[in-house]
Structure formats: structure tokens, C-alpha cells
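Below, each structure is written out as C-alpha cells.
Each of the two complexes below includes subunit A, the first together with subunit B, the second together with subunit C.
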Partner chain A sequence: MKAIADILKEIRPEFDFTTSNDFMADGMLDSFDMVTLVSTLDKTYGISIEGTQIVPENFQNLQTIEALVRKYGVQL
Partner chain B sequence: MTRVRTVDEVFAAIQQVKAAAPAFCTNFFPVQKKLQDWITHGELRSESRNGAAFFFREDRDLQHFYFCGGSVAALESGIGSLTALKTERVVADLVGSEAALKDLRGCLEKAGFRRYSQLQRMARAAHSSQPPVSGVDAPVVFAEASDKRAISELLESSFDHYADQLPTPYEIEAAIEAKQIFAVKCDGELAAILFFETQGFTSTVRYWVVAERFQSKRFGASLIRHYFATQSAVKRFILWVVATNENAVKKYQHYGYAADGLIDHVLANEMIQA
Partner chain C sequence: MNFTYHNKRISGILTVVPAQERAFVEEMRNFNFPEARSLKLKEVMGYDKRRMVESGVCVSDLAVFGLQSLFDRGLLKKDEIDALLMVTVSPDYFTPPTSNIVQGRLGLKQDMLCLDINQACAGFVIGLMEAFMLLEQESVKKVVLINADVVSRKASPKDRNIYPLIGDAAAITILERDPNGSTIYANLKMDGSRADALKIPAGGCRLPSSPETAVMEDVGDNNLRAKDHLYMDGTAIFNFVQLEVPPMIESLLKTAGVPIESVDYFLCHQPNRFMLQKLADKMKVPHAKMPNNVVQHFGNSSGATIPTAITFNLAEQVKKGHVQACLAGFGGGLAWASMLVRLGELSFCEMLDYPNAQK
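Here is the complex of A and B:
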């Protein structure tokens, strides 16, 4: 199973996502990137993340994104 | 339509739409700080109807239009009855690829919007090489409170306020205070500015402009070189530029920026002349 960190690295190769606890505050992801990331997560894991889940708290760091995809039954 | 009084009201209205959303769609990505500023200055109004929430932000002689719909159908049903779209100058931004936004654009066009402008995002990695220096750089300073009026006049005369989301006087004031505006002055007069926002590892150039009578003096080059040199922690530089402004696009390419595929479709209603 592809790791979330690898997916993020493909979207924003210039950043090391393993060192940040708050991607938004650190300027590593913005709201537009969030939409791209949701679409990539959907395709990669064969899930469909609901609109209600697309909020900054769910995309704050690797742990929160992992928790989000686990809600859809993905085993990382 | 009611004036928004708290940030919580906005999030509650969005959440209500999301809770019953088969296919949530929006052009509203509010950052808490900006949202609070708009509310404090009495600029934001809202209206909820038919499974959709609508927000209008007053700016000069126009309204910026934001929406959250449970689906495109819900949006279409609600948008048709908004009287402000028929009586006021309104601009809406849709960000994404042409294909992804087809349905939303269709919905807005049915409500009387048409294409007004198109912006493209350009990005530059921090390690990108810079063009060789061809002269001596002009001295660059931080803009000061006394420059506020001149900055405002320079921006208003150089950009299109319907498409370019020009800053309000209080935003200019805050940017000066936060040292987010570099300036070149000539005999005490404001000749050029570079207005930017740095958030963590990403920095955005919002406006980079040289007053007409000070052009061809390398002031623009001096500003951007100074900007890159001072943002040492930044790993990604971005900006939005009018896609059809070839001169500006070429200039940014010259400094290492390249289009990253994100497009902002600026739509305007019939009250705004093309």
C-alpha cells in the first residue's frame, strides 16, 4: 500500500512532509492542494472522501490524513 | 441577505450544506484570519436557500460571490433567486481545471455570469537559477505607513480591480506593518513595489509593479532579486498572473516561474462591462 508521505511528495516534491505537524501553517499545503490531494487519495485507495471530510483539520499532518483514509477501511 | 456577524455563523452555514450534501461543491475556501477581517469590517453578507449557502463580500464597487452547494442542482436552484446578481456588480472565481469546472461554470453562466478574465498560477522552486545580473541594483526598502496612499494609487492604476482582487486600505496597512511590501523610491517618491505574503515554506507575490514613469530603470529586477534573497526559508514561490498577459508571463518565466496547471476562471455578471 502506497504511503501517504509518498503521495504528498508527488504533489509537492519540494517539501519534507515527515518533519511538519501542521502542513497549512508551514505553507506546505493550501486549500487548492487539498482538493488535488483528495482526488489522488480517492484514486490511489479506491475510496470516495465525502465533502464533509474536506476540512483543514483532516489534512493537518500525516497522522490526521492517515486517520481520515482509515475511516474508509484503508489499511496502511 | 443578512450581514455576517461571526466566523462561527459562516462555518455553521457551510456545515449545514455539507451535512446534507450528495456532491458538495464550492468556490469558498475561507482562511480564518481573512474571514475575521471581512466580518470586522462589515463586508460579508450571506443567504441560505434550497440546500445552498451564498456569501457576498463587498469590495469597492463590486461584490465577490462565494457559494457552497449540496450539489450543482441545489446550487442552480438557489442561485436563480438571488436578486443581488441582477442589481449589483458581481464577480465569482472558480479555481481548478477547465474540465473539472465545466458543470459549475455552466450553472453560473445560466445565472448570468460570463467569462471575464483567466488567471494562471505559476510556481518556482527555491533552488531555481536566476538570470545574470546586468547592472547595479537600486536600493530596496520596506514600505512605510506614509506610503499607504501612494501604494493604493499605484495598485489601482496598474491593475483591474474586477479580476485582480486588489487589497483594501486596511490590508495595505497590515502588510506594511508585517513588512510584506518592498519598495524602491526615487527622490522620496514611490517608484515600484513588490507586495508578498510568506506562510511557512511558501511565499506568494501578490503584486509586483513599477510606476510607468520609472520603468526601464531596473527597479522591478532590483525588487524581485531582493525578495528572493531575503526569503531564505522559503522552498516554493508562487503567484497568480493574467494568463493572456504574455509580457508578464514571460517576465515571470525569466525569473524561474512556470505554470503549475491551476487556473482561476474569473466570471462577471452582466452589470460589469467586458
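Here is the complex of A and C:
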């Protein structure tokens, strides 16, 4: 299973996502990256993350993103 | 708030789009943003081509062009029009109303109502509701609803949040009485406490346009925008749509006693492909029943996107027969409204290009 960190690296190759606890505050992800990330997660894991879940709190760091995809039954 | 209408119908729809086409791949270098990320965004949001007026073209120009075409081809008669509603957030002037300008330019009769309505992305459904209410009056037999916007003229070319998705268009919808018409159901909600989420801060009386309001400011995420430009809190609008629209439609169908499977098409306002796919998934509606290709081909033209979706995707179907359509508009205000209506047979359903100026 592809790791979330690798997916993030494809979207923003200039950052190391394993070193931050708040991607938004650290300027590593903006709202459009969040949309790109959701689309990639949907395709990669065969899920559809609900629109109401696309809020900054769920994309704060690797742990919150992993928790989000696990809600859809994805085993990481 | 619920509404019902009886013995009314939509009898024709014409959408006018500027002939000038802009391609996202050519415009993306205007944004202070890496090309690879723009291309990813293009794929997800559906940005590709959009229609944009040339400098100086106003909503009345698009509307007059479209109506004149209907008169010339005998699809509408001037004297039949008892009311002309113009729904726009980009009028020609503060005053006079753009509807009166259209009336005057076309030489329509004096014995009629001209009315401007300031509504944005919910403006098609709200305009239909107003038109159906007018048709309750004995003296009103035919209403022309115009949803027209040239918001590209108020969007910053350096704002990646807005500029790539904006399109210009005018939609002309004819409404009349129909003794055999089936019941039309509608509902709407408004929330002015969230009005700042979609706004042009300057240019009104609160903050008149000035050299200061024209200054481009760095507004974050590498975007530049002036106070004279349209601002949208994309995250707030996205969440508003995902949270409010599904229960609104559910409530509409429940009131009408119509199961969701019986709806042939969910014709929603067209903000971008991603938002509509998420909306369809949330409502468990197949993507094919909720067209999402207007931004891709024409751009988001505010209240004109639903008629654009109809004329672009369903023209032949609604000219030959009818479909059970659930319309949903949502956006500035904030306002959200939906309508369950039998659409068809229409006497015309088409798109026209507004020609570029001769050079």
C-alpha cells in the first residue's frame, strides 16, 4: 500500500512531510493541494472521501490524514 | 422555505456565450505558481477552456443579442413579453436597472414589468421562482428570465482561486402557463451571516472604488487581488455546499413524494468538477445523472451555469420529450435553492456564440 507521505511528496516534492506537525501552518499545503490530495487518495485507495471531511483539521499532519483514510476501511 | 407552482412550464432556453475562448494551459503562466501543480489542478477541477467577454461587453449586450436572435427567428414575439427579469451581479450600471436597458434597446412594450434581481449562483432557481409567481397574475402570460453575468471583468488575472474558473454567459429562459403542467416544487434558504464568503469588497457605497481599491495585494498562496476584485473563500464555500445542498434536495424530494431514483438529472450550479463529483457521491447519485462539464468547456458563469448545462448536455432530449429534473443553485448571499420540475418539451434549447468585435 502506497504511503501517505509518498503521495504528499508527489504533490509537493520540495517538502519533507515527515518533519512537520502542521502542514497548513508550515506553508506546505494550501487549499488547492488539499483538493489534489483528496482526489489522489480517492483514486489510490478506491474510496470517496466525503466533501464534509475536506477541512484543514483532517489534513494537518500525516497522522490526521491516515486517521481520515482509515475511516473508509483502508488498511495502512 | 417551500414553494409549489401549478400549471406553469419552461418553454424554451437559449444560452449565449462569448465567442472568445481562453485555454487554462495558456493562462496558467499568469499565476505565480509552479506549472506542474497547475496541471494537477486542471485535471481535478476540470479547468480547460472558458468563454470570456471582450473588453467593454456588458450583460445587456449578451441579452439583447440573444433576444434579438429569438425575435428574428420567430421563436419569441416582442409583444408577448409581460415581464423581463434580469438576474445578475455584474449589471451595466447601479441604475438604471439592466432589465430596463434591455427593454429599451429592443423596443419592447411599456405595459410590462422589468425587474433586476441581485443573485449569484443560486440565481437561476430563484429567478424561476419569481417568474412562476408572476405568472399567477392574470395580466402576466409570458415571462423572460435572463441570467447573465460578466464576472470575468471583476476577477483578478493573478488570482488562481477565481480566475481560471470564471466564465461569462447569458441564459434566456421563457416561462409561461400550461394547463397540463405538472406541479413544480421548490425550496430555498438564505444565510446573510455568511455573506462575506463571496464578495466584491469595493465598488459599492460602503467602499467606493478608488486608486487605493485598485492596488493589487498579496493575499497569500501566491495570489494577487485588489479590493475591486471578486473574492471567494473557497474552503468555506466548498464546505457550505457539501453540508447544505444534500439535505435541501432530500427535503425537496420528500415534500414532492418523489424517490431520488425517479429523478433523471440533477442539474446543479457548476462551480467545478471536483465539487460536483463530491456532491454526487454524498447523495449517492451516479455521476452521469449530475453533469459537471460546464466549467471544463465554458467556465463558471454564476446564475447562467444551470441553463448552460441544459443547453450543452440535454438539448435534443428536452426538445423531443421531457425529463424529471432536480435543479440546485448555491452560492453568494449565501443562498441555496432547489426545484423539481418536468423539463420539456421545449420549443427551443440551444447555444449561441456572441461574436467577437470586428478588428
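Simple rule for what comes next: the second predicted complex is superposed on the first by the 76 of 76 C-alpha atoms of A that agree within 3 Å, B and C clash if a C-alpha of one lies under 4 Å from a C-alpha of the other, contacts with A are read in each partner's own complex, and residues count from 1 in each chain.
Everything that follows uses one rule, which is that a residue touches a chain if its C-beta (ideal position, glycine included) is under 8 Å from a C-beta of that chain, and two chains touch if they have at least 3 such contacts.
All figures in this text were calculated on a predicted structure; none of them were measured in a lab.
Novice: So, A:21: does it touch subunit B (first), subunit C (second), both, or neither?
Specialist: neither
Novice: After the superposition on A, what does A:63 contact: first (subunit B), second (subunit C), both or neither?
Specialist: Neither partner.
Novice: Can A:51 be said to touch subunit B (first), subunit C (second), both, or neither?
Specialist: After superposing on A, A:51 lies in contact with both subunit B and subunit C.
Novice: Touching A:30 in the superposition: subunit B (first), subunit C (second), both, neither?
Specialist: both
Novice: Applying the touch criterion given at the start, work out whether A:11 contacts subunit B, subunit C, both or neither, answering first, second, both or neither.
Specialist: second
Novice: Can you list the residues of subunit A that meet both subunit B and subunit C?
Specialist: Shared contact residues on subunit A: 12, 30-32, 35, 50-52, 54.
Novice: What does subunit A use to touch subunit C in their complex?
Specialist: 11-12, 30-33, 35-36, 38-39, 48, 50-52, 54-56
Novice: Going by the contact rule at the top, pick out the subunit B residues touching subunit A in the complex.
Specialist: 15, 18-19, 21, 23-25, 29, 31, 95-96, 121, 125-126, 198-203, 234-236, 262
Novice: Would you pull the subunit A residues touching subunit B in the complex into a rising list?
Specialist: Interface residues on subunit A, with respect to subunit B: 12, 14-15, 25-28, 30-32, 35, 50-52, 54.
Novice: For a test of understanding, state which residues of subunit C touch subunit A in their complex under the given definition.
Specialist: Touching subunit A: residues 37, 40-41, 43-45, 160-161, 221, 234-235, 238-239, 241-243, 274-275, 278-279, 281-282 of subunit C.
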